[in-house]
Each structure stands twice: as structure tokens, then as C-alpha cells.
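These notes open a run of structures that come right after.
You will see chain A twice below: alongside chain B first, and alongside chain C after that.
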Partner chain A sequence: MDPFFIAASKLRRKHYDECIEICDQLLAKNAYDQAAWFLKCRALTLKCWIDDLEIDEEGMADIMLDENSTAAVPRPGTSIQRPNSSASGGISPAMRPVTRGGRPITGFARPGSARPTSSSGSIEAAIRSQTGKPGTARPVTSSGRYLRLGTASMLSTGDQFIVADKLDMKRMAQKQAIAKALCDYLIYVDHNPKKALELCAEATVVSGFQDWWWKSRLGKCYFQLGLFRDAQKQFESSLKQEDMIPTHIELSKVYIRLDQPNFALNQHKKALDKHQENENLTLALARVNELMNNADLAASLFKAVLQVNPCNIEAIASLASHNFYTDHPEVALRFYRRLLQLGISNVEIWNNLGLACYYAGQYDLCMKCMERALDADDSNGDVWYNIANIAIGMGELNMAYHALKVAVSVENTHAEAYNNLGVLELRKGNVEQARNYYQSATRIADYLYEPLYNSALLAFRTGEMQESYNLVQKALAIFPEHADSKELLKTLKQHFDSL
Partner chain B sequence: MELWTNSWQDPVAGLKATSACMCLGDLKSDGEYNLVIADLKKKLRVYRGTSIAWESLLLDVPSAVAIYYSEIDAPPNLAVASGSFIFIYKNSRPFFKFTLPNLELPPDEVSIWEALKESRMDPTEAIARLSSLRESMSLLSNRSLDLLSYDSDEERLEFIEATKLTPLVQNTSITTLGVLKLDQELENAVSVLVIGTEHKFLYVLDKTGSAIITKVVLPDVPAFISTAGLFSGEYRILVACRDSNIYTVKNGQLMPSIIELETHSVGLINIDRSIFVGSVDQKVHCYHIKGRKLYTLYMPEQVSCIEMLKLTRARVFKGLLVALANGEIRLYKDKVLLHSLSIGETILGMAFGSYGREEGSLVLNVKSGGIVVKLIDKKANLEGRNEFIGPPPEQEIPLVIPAKSKLYLEQVDREKESARQMYGGFLRDLTSLRLRTAKAYLQLQYQEPTNQSIESQLSMGAYVQGLGPLFTIILEVQNQGRQSSTDIVVSFSYDPKLFQILTPLTYFPCLVPTLKYRQEIAVRSIEGASENIRVFLQNKVSCLPIISAFITIPGCDLV
Partner chain C sequence: MLSSAYTFELNQAVLHSLATISYFDGIHPTLACGITGGKVLIHTPHIPNSSNNFLNINKNIICLDGGRLDPSLNRDVLVIGSPSSLMAYDIDSNSDLFHTETKEGVTSLTLGSLSISGRDTPLALVGGNCSVKGFNKLGEEEFWTVSGDDVSAIGFFRTERNEKRLLVGGTDYAIRIFNNEELETEIMENAKITGFAEMDKGKFAYTLDNGGIGIYKGKHRAWKAKAKNKVLSIVSGDVTGDGVPDMILGWSNGKLEVRSENKGENIFKKSLKQTIAKVFYTDYRMQGKNQVIACTVAGRVLGYIKEDIPHKEQNAEAQQEDIEDLMRVKQILLNELQHYKDAAARSGSSILAPGTSLLVTLAPSPPRIFLSTSNSSLIKCAFVLGEGFFEGDSKFVHPARPSSELQIPIQNPKHLGLEVDIKALVCASAGASQLQVMERSIKIPKFCNFEYGDCKLPSGYVNFDFPQGNRLLNWLQDRFILNPSAIKPSAELQVSFLGESENLSFILTTNKLSIYTETLELAAEIAQDLISFFNIPELESRADYPHEIEKINGLMEKVEEYSNVRTQLSINMAENAQNVKALIVKAEDSRIQRNMGFFKQAMASLHQFNGELLSEFQIRTNNHNELLSYLKQVNQYIQRAGNLRYGQAKTRTIASFREAVKTKNMKMIAAAIISGGKAS
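This part shows the complex of A and B:
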């Protein structure tokens, strides 16, 4: 059989390595075999393909050198930095814990959802969040991230297949099919958006500025280079020619990076009008709504996604956590069980199942789930923290104390655990110890209001009124509607008035 | 329903007047009520309708204005208190000036100044005697006090030379005015003026305003006056003084009962048999006229002035108007808040009464100098509202509790049916989990590094900063014990292929309790990999490290 035909068939069957091998042999025979070259290029690209519609992580440098920030204090509801406050139906931090970035926790871990982004404004928070668990280090730049994702595959391919710097882009752009394959290779394998941009620019000229594909690739290159306004122009122009779903999603990603979530929402809605009930679009819309703290809206969109695709893991997980935090743990339990049935069995699932069981009153299953979670990974701080929470709920304070101690030893940046340890120490009467724990909790996580309020209360009880006042002001800055803090502030004010 | 309607306003009137310097009255007896404002910039202005009727300059800063009738069926008098004088205007023309009597000075002081005038006494001796007089007695003339306030003898001599020939008189100044009805309770009945002075006197003038008919010595300087009753019959004059007490003068006698406020007062009015006094601690207190405390109204902001609202309809309605520092005006009937209105600007002065031909006008002087006139709605039903009794309306609003799902009910049924098995399983699992936790904790105590040592009470916090390949480990060590520790060495355990520690030796010579010690350690990542570094604190006594901690150095892209 013709080896080229076999190679093409292997590519179709997603046996990329074998395909590359055959192409290598073909190219060794004839180095100018364009068909083989094309096939190898495709195979390499597909092997390294990542769905970058979903992965969008901002690098360190992007945050520090963010030139796109416009209003320092935007109106609430118009920016990711200031989403709708809980007063207008958003999520209250009392009901839903927050992530390291100070955002309400989501049901599905996505890049950017757990970390501060450029729109959240604090460089310091971004740097500090790097010191978390191993493997969560933030890349220096967003292209650095792609580079690191790429290195593994590069090593396996051995020598470099295409040396981008030596290519004459003008000549390459003449051959449309090869140029397209090369462009994808440059973006996805070589991670060289600069060269890819050069190629795209030449190719659009060749196509007389009429090819939507080149325009959208041009936009992607601009996006990776951080030139968001240029990217926006290219995507818009591409959409005018051909209405494609990925282009819509990429355009709204640009808006998100520019901190214009309302534009992103509009873009998604426009796209949904045309491509009705599209799973990806609905999911993207739900994500933006979640970013904006519109939890109820996001939940209804996730439900819509499930109607189209009942196996969508992100939608199931998001709905599960939404139900859990809106006081329906028994429904959350169903969703988590569904995830388990879909074949996901990791420490997080067992942990969530255990919590859902506990809050739904299924006490016989709850402990088993927590033990399963420990079996899966007993060095996960969150699991121990949740065990401690359950123990506190049952009044087993000794066990809770032990579990919290283990939690902070396996994860010494677990601020919530430090806070709870402080409360337990205070119950034992160790005031100094408690104060130390609160202080470390505050130092690790300045987005938590609980340790601040607890230290304020402690300072108030030990008679340090001014200290207490300062702390409670900080707590209220994080969570302005916290009733206990308000009450404490009122008491302090009365105290100061009477002086 | 809106209680107040806008009548007119002049935002650029440029006046500054407190409530005491504002009053409303029918100055010409033609049924058209005027607004009198004595501006603090020595200007008297009378508004009629929407225009200025007349304006007059004053010699001194006014302290109060009052309108009173000196005879029946004649235009009323307008009294303006300024310095130690009361200027009385009638028919828009200056009519009469009353000067308060000079104070009697101690005879010793008078004789000293007499001697100085005739140069019979040595000035230095006079100064010495005056200062001893000041020590022994409370009241000296301003001139003596001025003299004693100079530092050098030369200046004192100069002062004596300059002033000794002028006669020694001591003027007082008026702090507040009140009006007391003479023998009838009508609105335009003949009344007399009540004057409070800086030297703690309370005078009542006769109806022509030319002679003092009653004089009372108060314990402190009066700030606000409120009157009740008839002068010819029985009367009370309530005086809020600067010592934050309220004294009562009944029929010319100072009563022994004193209302003691906790803080200074900002206004005093009496409505029927209740006294309302606003205080600077955001409260309005209500007392019975005999001194018994009735209740306190708590305000969200500082009270700037209070005023009585009186409307004569089918029934006479009397309420309390309270102006707050944030520009809010509240209307109370007894304890019930009937209405609240926000002006949005701090209110300096407030007067309520008839203006133009309308009964029920509220005149406000705001901080920017403007004048705002509001009119009470004629159809407003104020009577019906004060019958409000019972729990606050919030109590009726149900809490939002999410409905329990069907799933929940099914689970409850399951629990009912198999309670025994469930409980058994739960107990077994709980014991197992408890054992596991305890085991993990025990292991932690023996093997795992802790950043909290038990014996020496040191605690260490370590975290990493930087983007790589150069990182900084920040060590924060705190001695939480009672004794200081000495000679603490910091040592590290790491893979030399991966990291290079650039800070040569880290050492804490002495750790004093409760202080926080900070050390920065520079680390270079050679491979860019993410790996742990162990940090130990050691002393020379023990072979085991005091504390150890794992520090995770994050991976980095650029090496």
C-alpha cells in the first residue's frame, strides 16, 4: 500500500505518532515532498492541540504591565473587578467561600477563576498567590504558559521540524493549504505568535482581505501578543465575512481581557441568536455570568447546556456547587453522584460528596466519602479542613483540632484552617496563640474577612479598642454587609462616643 | 405622600443665621407675615413674600431676634439683641434702644483704678493688688483682666497710661432672647422680653422695653430660653445653660430642681407640658416640665436645631421638628417619627410659622447661605399617623427560605425507615475517621516538621517571593515564650543540583519574646523546577532542630 495513504489514514484515526513516523520516512526519501510535509505538519499540530478557547491564563507580566485598565473605580456591574455586590442579588461571601483571588468559588476549576487577574488589580495578590501549592506557579507571561505546555511535545519530537526564523513568509503565503497548516503549527506547536502574525498578514494580503480564517488567526496572534484592540478589530472583521462560533468566543475573550464583561455578554447573546442552543456558546455565556456574580443566571445557562449535552462535566460540576451553596445539598449530592458515574473519581469529588452528604443529613455515607477522599490523597489541606468542619458541626472539638493541625501541616497556606484553629484555641483560653493564628490567616489571605473580624472581636474583648476599630474597618472593607462586623463597629462607636 | 411642598428658595441669599436669629411675624399687622433674619455679618434683613422688604446694618454681631407685641392692636415690635443693647424696631423703623445696666464691680477694684487715675498709687503695687483680687474673687472687669494678661511691666505701664483716664465700666452682652406673654394666651397678646446675658443674669423687661422688672442670677451662662405661662399669673422660664444643665425660673424664683444633661444642648423648646432638648450626642431628650425624664429620641446624625411645629386646624397639632447635620428634617409627634425630608445640605437655622399668608411654613437657612421655604401640605393627615402601635413592619416580611426539594423529603423517609442501620454505620465510620485523624496528628507530632515548637515556644513563618530564577525566602521568627532564646542558627536542606542559596549564613543572636524577627534569604533556582527546601532553626543545646519547615519554591520559566 502507498505509505502516504497509510499516513493519511493514521492521521484520520488520530494515530499521530505513527503518522509522523511514516512522514519522516517519506521526507527522508524526498525532502521536498510537500504532501508528506503537510501531513506531518498537521499531525504535529493535532498532537499538541490545546483547546485554547477555554485555556486563557494571564501571566505575571500581563498583570504587572497591564496597559488596558481604564477606570480605576468602574460602576458596579460593568467590570469584573467590581461585579454586582451581594446587595443586588449576587453571592454573599458569608454563604459561599472565596478563592485565592478573592472571588466566589466556582464549581469547576478554570484558569483565572481561582486567581487574581489583571482586572482584579492587585499585583501583590498575584505574586503572593504564586506561593501556594507546588505546580500552581503562575507563568511569567501568557505566552510563557503556552511555551511550557509545549516543551514536553517538543522534546519528544527531537530536532526541530520547521525553523520558523528561516522561512520566507511571503513565499509561504502564496500556497494557501500549506500556509494554513504552517500557521497552526506556528501557533500551537512552535508558540511563535510573532512569526505566525507575519504569515497571517502576508496571507490576508494574498487572499485580498477576503478570507475569514486568516483574519481570525490574525486576531488570535494579536491576542497572544497582548494587542487586544487589534485582535478585536480582526475578529470583528472576520465575523462580518463568516459567522463562526469560535470567532465569537474568541472575540468575547478579548472583551473579558479588556474588562468589558457587558460587551462580552452581548457578543455571546448575539451569537446565540444565530446559533441557537450551541453548547460551547451557552457555556461561555454562563462563565461570563459567573464572573459577574450572576449566579442564578449562570445556573440556568448551565441547565440549558445539560439539556443539549447531558455529559458536560463543567455544567454538572457548576450546578452541583451552585445547589450546594444555595441550600440544596441533596440536589448537589445527585449531581456529584452523576460526576462519579461519568468516571471521575478524584479527591475533590469524594470531598464534595462527603460534604453534600453531611449537609443533606446522609450521615451514614458522609464519613465514608471523607475517608475515600483521604485514601485518594491524604495531603490535601482542604479535605482535612472539611473533616474539621464536620467535626465542629458534631461537637467533636478535639478531633476538629487535630484535623486542623494536620490541615495546616500539609498545606501551610491554608488560611481558613488557621482561622478556625484560632477560634478553637480561644475556646481553650489560649489568647496569644489564637491571636497568632488569626494574624497568620490574615497574612496569608487578605481577602478573608473572618480572621479580621475574629481578631477585632478578640482585641475588643481584651480592651484594645483602637486596634479593634482598625481591624473591623478592614473586615467591612472586604465584606460591607457583614452583620456581626457592623454590630461590633456600632458598639465601638458608642464606646468612643461615651469617652 | 409628600408632606412638604417647595414654596420658594433663594440659594444665593448669602446669609448665615442660627435659629435664634430667625423669626417669622406680621410686622405691619396687615396679615402678610414677614421673615426676619439677623445675619452674623451684622445685617438685618426682612423678607416679604419673595423679595427683600428692607435691610439695615447692625453695629455689632446679633445674638438673637424676637418679635413681640407691646400693645394690643398695634404692629409688633422687632427686638434685635446685639452686644449689650436691644434695638427695637417698629413699623420697619428704628424705634428704641435699650442698654443693659452696667455691672457692679467690686469696690476694691474701683478704688484701685480711682487711685491709678489720680496717680496716687504705684502701678506695680496696683498690679499686685489686682492679681491678688483675681485670686480671691471671681469677677473682675475686662480692663483689669487685660492688664493682667500682659507679660512685661513696660506693656502694663503703657496700658495703664492709655486707659486710666476713661471711666471704668463693665458691659455685658446678651446671649439669648425669649418672649413671655403678659396676661393673655393669644398669639398677638401683649408680651415681655426675657434676656439672658453673658454674666449669668436673666432679666425680664417691662412691656415697653424700657425698664427691668425682674432680675434673676443663674448658676451659669444661659444659652437657650423657653417660656411657658403668663407673666401676670404663673410662669416658668426654662434656661439651658452652658454647663449643660437646664434651670427653671418659676415666678421670678430660681427653682432648686435641675435637669442635668450629659452633653451640651443645641436647642430647647417646650410643647405643652414637655420640654424637648437636643444634645450634641445625636439625641433629643424629652422631659416633663417639672423635670422628670420621659424619653430620648436617637438620631442617626448630629442634631443641628429643633423647632416646634404648630398647626391650627380642626384641632391644634403640635409636633417637633428636628434638623440634622446631614440635612435631614424629621417630624416627630411624641415618640413617633411621622415624616422625614432631606435637604441634602447642613441646616444652620430653622423657623416654623406663618409666612406670607400661609400658615405652616418652614424657613431654613442652609450652610451655603441660601434660604429655603417649604410649605406643609394642607391635606396632610398628621393626626391619623400617631396612633401607630405594634411591631415594626419588618416583622411581617417573611424570610426567604428556599423550598425543600422532593429529593430531600425522600431522603427524610429513608432516614425514618432505616434509622438503626444508618446510625450504626455512622457511629462506626465516625470512630474510624476519628482514629485516622488522631493517627495523622500523632504522626505529625513525631515526624512531620512543625513550624511551632512546643518546648521553646518559637514560631516561624516562611514564604517565598519572586518570579524566578531568583527567589527570596522571607523568614519571620517570633518568640512566643516568656524567656529570650539566644544563638539560633538557620540551616537548610535542599538539592544542590536544583538550588543555590546565596545568603551565606543566617543567624539570630538573640530572640526577645513577642518581637518579630525577619530574615531574607536569596535563593537561585538552577533548573527551574518546583521543589521543597527544608529550613531548620537550631540552637547549641539540643541536637534536634527546634523548628523545621518545608518551603515550596515554585517553578519558573526563565532560568
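This part shows the complex of A and C:
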């Protein structure tokens, strides 16, 4: 059989490595075999392809140093930086814990869910919150992130197939089919948006500005380079020519970056009118709603996704956590079981299952689940922390104490664990120990209100009124509706008045 | 008559004329000011617990305005123009209405509605490089028209028949009145127009860059005034409460003025010591009564309200003022009488012979005004006043030795046709102690720079049907310095003129007139002048300018080239900016870890990237300026091609030329010049 035909068939069957091998042989025979070159280019691209619609991480440097958002202090509920507070229908931090970035925890780990809420903090704080500790070799800009993905894929593909710097983009753009394959290669394998942009710019001229594909790729390149306004222009122009779902989503992503979620929501809704019940669009809409803390809206959208595709993992996971945090652990349990049926078995699932069992009253199962979680990974701080929680609930304070100790030993930045340790120490009467634990919790995570309230209470009990007042003020700054803190503040004020 | 109501500080320096008071939430008045660093300050006094908000535009803000752009939104939006883009932003919902690129730049901006295909559509009208564009709520271009030069001011007014007209002021000193896309009237002023305000029906006020202000009634000037300082902001509002709007002016020296529209007399004056960035007449306090509000560049906002003076007192005051005025006039007349008495008392030898008169004529090659006395009396000096004609509007000629003749050379590169006033000091003899002032005025022909003579036919021409051929001579005599007997009137005629940079020929055959010039610019100007002189309602013409078409092709290539480089430059800058950001974080990271070696290294490369960014910015700025200047030239050609025609033919020419430029179709450009893009 013709080796080229086999290669093409391999590509179709997603046997990329074998396809590349055959193409290599063909190219060794004839280096100018355009068909083989094209096939190899496609195979490499498909092999390294990532869904950049979903995986979109805003680098720390971008958040800290750019002022892409138009309004510095927007009205609450109109921005990602200032999402709805619990008073106006958002998620209450009393009901749902927050991530390191200070955002409510979501059911599905996405890069955006760890985004810090404020860009006003120092770089030092950002380094700590994003990467956990300084010195980690994580890329700090979003383009750097893509670049890193690029070098990773380079390792897997061995030598460099195309040297982008040596290409004459003007000449390449003349052959539209090859140019398209090359463009995707540059974006997904080489991660070189600059060169890809050059190619797109030439190619879109060749096509007489009539090809939506080139425009959407131009937009993608601009987006990766951080030129959001240019990206927006290209996406809009592309949409005018061809109404494509990915372009809609990419355009709303631009507006998310510009911190104009309302515009993104409208964009999604408009697109949904045309492409009704589209899974990707509904999912994207749900994500934006989740970013804006519209939990109930997001949940109903996730349900809509499940009606179209009952196997959508993101929707199941998000609904599970939503139900869990809105006091329906037995419903959450069913969702988690569904995830297990879909073949996902990892620490997080077992951990969540354990918690859901516990809150649903199925005590016999919960410890089993936790054991499973530990079997998968026994150095996960969260699992130990949750074991401690269950233990506290069952009155086994000694076990809880030990579990928390393990939690902070495996993960020394687990602020919640420190806080709970403090509470347990206080019960034992070790006031100084407790205070130390609270303080370290606050130092690690300045977005938690619990340790602040706890220390305030402790200070009040030990008679340090001023200290207590300062601390409770800080707690209320994080969570203005916290009833206990308000109560404490009232008592303090009464006390000061009586003086 | 106005008293201070409130003063507050914004604690930020406000940029010149970048401020607006609008209802961004539909209910409460909000002040939005452009401040340095590409930011907009939002001051919301009526919303509880709100501090000043800042909007990051991240671009130089050239102009901003607030108003209803989307009627269905029920609130105002903020429109911001930067050198290369325009954005409309809804503050209340924190989302853009649109953001578009404007290649021709943004030099002025006003929100208002125009009727587009019969419907009144709210538009953001943007003045740029030789063009005015109107964008609707979706950022689509719904309106486009050319204007002579950079647009420096846009405004509206209503004619006496209550029809809406668009006012466009340019850096070429012209005020153009548009009825939608069609140019109705063009008025020449003597400095850059900086602002407009709509007054009573049929009237509008204008301000100039040289400190001039005034009011036009239709196309005729009602009055004008001039000061050393500049007016930075003008707004109209009925401060006196007499039903007629007054002018509220904010001056560069900090003077806040209210003038009546009738003759411009001062109603209220107050010096604020700081340059005024913008004045408003609106109800910022929400108390049901408008206030005169001034916002200074230092960020101080002052509000004034009208004091209620009892009617009687007001009457008495007015009477007092009248008496004072009359006393003043009396004093002046008395002084004059005294002066004549003194003169009569002195010797009579130096008095001019009775019947002495001053003759004023024009002479060609080089063009000059020729003054002579009717007898032996001498002209000591002469003062000529012509607005916009001379530098500083006037010229003083003082010969070393007085003679009975005086020549005043004139230059008229802008082809102005106007009346100049001449005041000459005439005396009987060189040693005479008494001088007499003689006043004359003379009309300067529009094309006085051209001299009658024979020459070779210039390379380009434009020709059109011209049934008024027998009256052409009248026009020639009115517009050129021409000896009446030089040309014999006839049905067929060939006349040539020599100019400084180019020559000019007219060939008249039965019902056809051809104008031969080297440049399109001159031909367009002559065609427009003919049209206004003969009141031609529609003019269709053919033109051929091979050299000019070649030039336009060259310009288009340059535009293309510069736009291409521009993309490349912005990509490079974006990449360098990314590197800088990454390095800052890495440096900070290593500092926290006390890894000073790497910290130093990162800082060193940061320094290098920073330098690169700066130099690239310089390149980009130059590139941008070049691009703008080429685009401007292209727009000027569009206007010239349009000006060869009149009426529908003109509109069609401009539209087809523009389409050709958009699609880069050189053949279409040539066709637009030659036949006005007429489908043949």
C-alpha cells in the first residue's frame, strides 16, 4: 500500500506517532514532498493540541502589572474583581470556603478560579498566593505559560520540525492550505504567537480579508500577546463573516480579561440565541456566572449542560459542589457517585465523597472513603484536614488533633488546619499555643476571616480590648456580614462606651 | 448677580476641556474628568458611600463626552476618543458599548443626533483628520463627510426654521455648516475654531484659538470680540432667566464670564485664578435649578447660582447704568470739541488744501495696493486692516521719506476675497505739524496673486458646461487684478494668468469652460468660487490630472507601507512588554529569596528591555505621525475632487473616491477624479 495513504489513515485514527514516523520516512526520501510535510505538520499539531478555550491562565505578572480593566472601582456585581457579595445574592464565605486567591471554591479546578480578587496587593502577596511559595519556576505571564507548554511539547517531539524564524511568511501565506496547517503548528506546537501573527497578517491579505478563519487566528495571536483590543477587533470582524461558536467564546474571553463580565455574558447570550442549547456556550456562560458569584444561575446552567450531555464532567462536578455547599449532601453524593461511574477515581473524588457521606449521615461509609483517598495520596493536606473535621464532628478530638498535625506537616501552608489546631489547643487551655496557631493562619492566608475572628475572641477573653477591636475590624473587612464578628464588635463598643 | 453656591476639590489635575456632567445611572448627575495617565475620574456625589472611581483607558485621552447613545438603555454612556481609537463605555454596568479603531484619529467629539435615512439617530460624532464620522450605538459608521483640515470643534445649532444643522470647525480657520452630509455654508474665520455653542434659534456662538469669540446669525456675524487670553470652554444657558440663552465662558486666565447673546455685554464676571478646564450649566446639586459650574485644571469645581434680586431694585440699577453710559459719551464728545478748538487756534499753514482726496487702486506684478493723493500733499504712513489677511490682522507701512504715492505689497496665498480698511495719515508738507487721517477701503480680489499674461497651457484641466459664458468676464474682473480693457468680451475666450508656483488658463468655448491648472487644489478652489459667484445649483465636470493621480497612487502606497510596519511594531512592543512584566516578577521573587545574584541579573535585563521599549515607542510615534499626515493628504484629495463638482455630483464623487480608497482600487480613484465616479 502507498505509505502516504497509510499515514493519512493513521492520522485519522489518531495514531499520531506512527503517522509522524511514516511522514519522516517519506520526507527523508523527498524533502520537498509537500503532502507529507502537511501531514506531519497536522499530526504534530493534533498531538500537542490543547483546548485553549478552557485552559486560559492569566499570569501573575499580567494581573499585578497590567491595568486592563476599565473601571478601577466598578459597581459591585459588574466586575470579576468585585463580585456579588453574599448580601446581594452571592456566595457567603460562611457557607463555602475560599481558594488561595480568595475566591469561593468551585467544583471544578480551573485556572481562572484561583484568580486573586484584587490587583491592589503587592507582588510578594501574589507570589505567595499563586504559586504557594517563592522560587517556584512557574511562568509569570500568560504568554510565558504558553511558551512553557511549548518547550514541554518540544521535548516530546524531539528535534525541531519547523524553524519559525527562518520562514518567509509572505511566501508561505500564498499557499493557503499549507499556511493554515503551519499557523496551527506555530500556535499549538511552537507557541510562537509573534511569528504566527506575521503569517496570519500576510495570509489574511492574500485572502482579501474575506476568510473568517485567519481573522479568528489573528485574534488568538493578539490575545496571547496581550493586545486585547486588537484581538477583540479581529474576533468581531471574524464573527461578522462566519458565526462560529469558538470565536464567540474567545471574544468573551477578551472581555473577561478586560474585566467586563457583563459584556461577556451578553455576548454568550447572543450566541446562545443563535446556537441554542450548545454545550460549550452554556458551559462558558456558567463559568462567567460562577466568576461573578452568581451561584444559583451557574447551577441552573450546569443543569442545562447536563440535559444536552449527561457525561459532562465539569457540569457534574460543579453541581455536586454546589449542592454540597447549599446543604444537600445527599444530592451531592449522587453526583459524586456519577463521577465515579464515569471512571474518575482520584484523591479529590474520594475526599469529596467522604465528606458528602459524613454530612448525609452515612458515617459507616465516610471513613472508608477517606481511607481510599489516603490510599491514592497520603500526603494531601486537604484529606487530613477533612478527616480531622469528621473526627471533630464525631467527638474524637484526639484523633482530630493528630490528623491536623499530619495535615500541617504534609502541607505547611494549610491555613485552615492551623486555625483549627488553634481552636483545639484553646480547648486544652493552651492559650499561647492557640494564639500562635491563629497568627500563623492569618500570616499564610490573609483572605480567611476565621482565624482573625478567633484571635479577636481570644484577645477579648484575655482582656486585650484594643487588640480585639483591631482584629475584629479586619475580619469584618473580609466578610462584612459575619454575624459573630458583628456581635463581638457590638459587645466591644458597649464595653468602650461604659469606660 | 450670581453667587457662589459650593466649591469642592477633586484632588486631581483635570486636563483641558476633558470633563462632562452626565447621568451615567440615568438618575444622578455625575462628573467625569480626564486626568493624566490615560485615566478618567468619576465623581458621584449623589450615590451614598461611593468614593471617586477611576477608569483606566490606558491611552491618551483626546476628548470625552457623555450622553444617550442607546435610547433603549435609559442612561448616559461615556464616549472617549484617543489618538487612534474610540470607545463607548457604560459605567453603570461596567461594559463597553463598542470600541473601534479610527485610523484618521480623533481630534474632537460630540454626542448628538442626526437624521440617518429619515430616522433621528443618536450618534457619536468624531472629528478627525479632514473628516467627520458618526458612530451609532453598535460602533457602526453611519455618517461620514469630509472637512477641509483637522476638525477642531463640532457643534449643532437650529436654523430659524428650526432645522438642525451640524457645525464643524477646523484648523484651517473655517466654520462649515452641514445639512446632514451636505455642506451648506462655509465661513472663514481668522484662527482655529475651538468651540461652538447653540444659542437662540438661528444663532450660534463660536470661540477661536486666538482669543476671539462671537455669534453668527445664520451665515452672518452678529458681533465679535477679542481678548488676549483664550476661551477654553463655552456653553449656552439661560442664566438671566429671560428666555434667551446666554453665553457662559471659561477663559485660560481663570475668568468665568456670562455674556448676553445680544451684543456680548458682560452679565457676570469672576476670576478663579486657575485656568478653567470646562464650564457647565446644569443641575449638579439636584435641587431643580441649574447652576453655572466651572471646573478648573487644578481640579477645583465651583458652582454658582442666580441670586434673586427684587424687581424694583433691578430697575433702579438699570437706570443708574444708563445714566452712567450717557455721561461717558458726553465726556468723549466734550474732549473732541476741545481738540478742534485748540487746532483752529494754531497757524493755518500746515492744513491740507481743501479737496485733497486719497486714491486707492490695485496694481499687479507684484500685487500691491497703490495709494496716491490728488495733489501734492504727502502720505506719511498708512495702516491697513484686513482680518486674516495679514499676520496679526493688520499692517503698518511707514516710508522713510513721505511722498504723494505709497505702495503696500500684498500676499494672498490663501486666496481670500475680502475688503481691507486703509487709514492713511496725510499731510500738506514734510514738516507739517498736523496730519489728517483719511479712510478708504478696497476689495482685494480672491486671486490677486495671479498676473495676467501669456503662458503655456498647464498640464491638468477640468471642464464643464458653462452657459453663463458671457458673464465670465465679470467674474474675472472681480477676482483678479485686471485692466478692464485688456480682454474683449466675446463668446470664445482664452485667458491666461501667471502665478508664483503655477500658471492658470481659462478657455471658454460655446457653453463650455475649461480651467487649466497644474494642481487639483487650485482647480477645486476656482470651481467652487465660480459656483458661488454664478449660483450654479448642480455642476458635473470632467477633469484630467495625470500628475496628481500619480501622486495619490504614491500616497496610497505609503499609507499601505506604514500601516504594515505599524502592526509589526505593535507586536514587538507587546512582546517586550511581556518580557518586562515577567522580569519584574522574577526579580521580586529572587529578592524575597535573597538571591541577589539573580536579582541583579534580572534588573540589568529589565533596564535593557526598558530602553528597547522606549526606543520602539519613539519609532512607533514617528510612524503614526507619518501615517496620519499621508492619510490627511489623501482626504484633502477627496475633498478637492469633490469640489470640482457641486450638488449631487459632489456627494457622489466623495462617496466613490472614499470607497476606492477603502478598497485600494487605483482605477476607481482615477475615475473619481476624472468623471466623479459616474457610472458610464
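The working rule: the second predicted complex is superposed on the first by the 479 of 499 C-alpha atoms of A that agree within 3 Å, B and C clash if a C-alpha of one lies under 4 Å from a C-alpha of the other, contacts with A are read in each partner's own complex, and residues count from 1 in each chain.
Simple rule for what comes next: a contact is a pair of C-beta atoms (placed from the backbone, for glycine too) under 8 Å apart; a residue touches a chain by one contact, two chains touch by 3 or more.
Here the structure is a predicted model, which means the values were calculated and not measured.
*Asks:* State whether A:328 touches chain B only (first), chain C only (second), both chains, or neither.
*Replies:* Touch status of A:328: first partner only.
*Asks:* Touching A:440 in the superposition: chain B (first), chain C (second), both, neither?
*Replies:* After superposition on chain A, A:440 lies in contact with chain B alone.
*Asks:* Kindly classify A:255 by the partners it touches after superposition: chain B alone (first), chain C alone (second), both, or neither?
*Replies:* Touch status of A:255: second partner only.
*Asks:* For A:232, decide between first (touching chain B), second (touching chain C), both and neither.
*Replies:* The second partner, chain C, only.
*Asks:* Could you say whether A:367 touches chain B, chain C, both of them, or neither, answering first, second, both or neither?
*Replies:* In the superposition, A:367 touches chain B alone.
*Asks:* Let me test your reading of the model: by the given contact rule, A:378 touches which partner, first (chain B), second (chain C), both or neither?
*Replies:* first
*Asks:* I'd like to know which partner A:194 touches here: chain B for first, chain C for second, both or neither.
*Replies:* A:194 sits against chain C, while chain B stays out of touch.
*Asks:* Common interface residues of chain A with chain B and chain C?
*Replies:* In chain A, positions 60, 127, 134-135, 139-140, 144 sit in both the chain B and chain C interfaces.
*Asks:* Given the complex with chain B, which residues does chain A contribute to the contact?
*Replies:* Residue list for chain A touching chain B: 60, 127-128, 130-131, 133-140, 144, 147-148, 326-328, 330-331, 334, 360-364, 366-368, 370-371, 374, 378, 384, 387, 391, 394, 396, 399, 402-403, 405-406, 409, 412-413, 432-433, 436, 440, 443, 497.
*Asks:* Applying the document's contact rule, which stretches of chain A touch chain C when the two form their complex?
*Replies:* For chain A paired with chain C, touching residues are 59-62, 64-75, 78-79, 123-124, 127, 134-135, 139-141, 143-144, 194, 197-198, 201, 225-227, 229-230, 232-233, 255, 258-263, 266.
*Asks:* Which stretch or stretches of chain C touch chain A in the complex?
*Replies:* 51, 53-58, 85, 89, 91-96, 99-101, 564, 567-568, 570-572, 574-575, 577-578, 581-582, 584-586, 588-590, 592-593, 595
*Asks:* Given the complex with chain A, which residues does chain B contribute to the contact?
*Replies:* Its residues touching chain A are 281, 402, 405, 407-408, 411-412, 415, 421-423, 425-426, 429-430, 432-434, 436-438, 440-441, 444, 448-451, 459, 461, 463-468, 478, 480, 530-532, 549-550, 552, 554-558.
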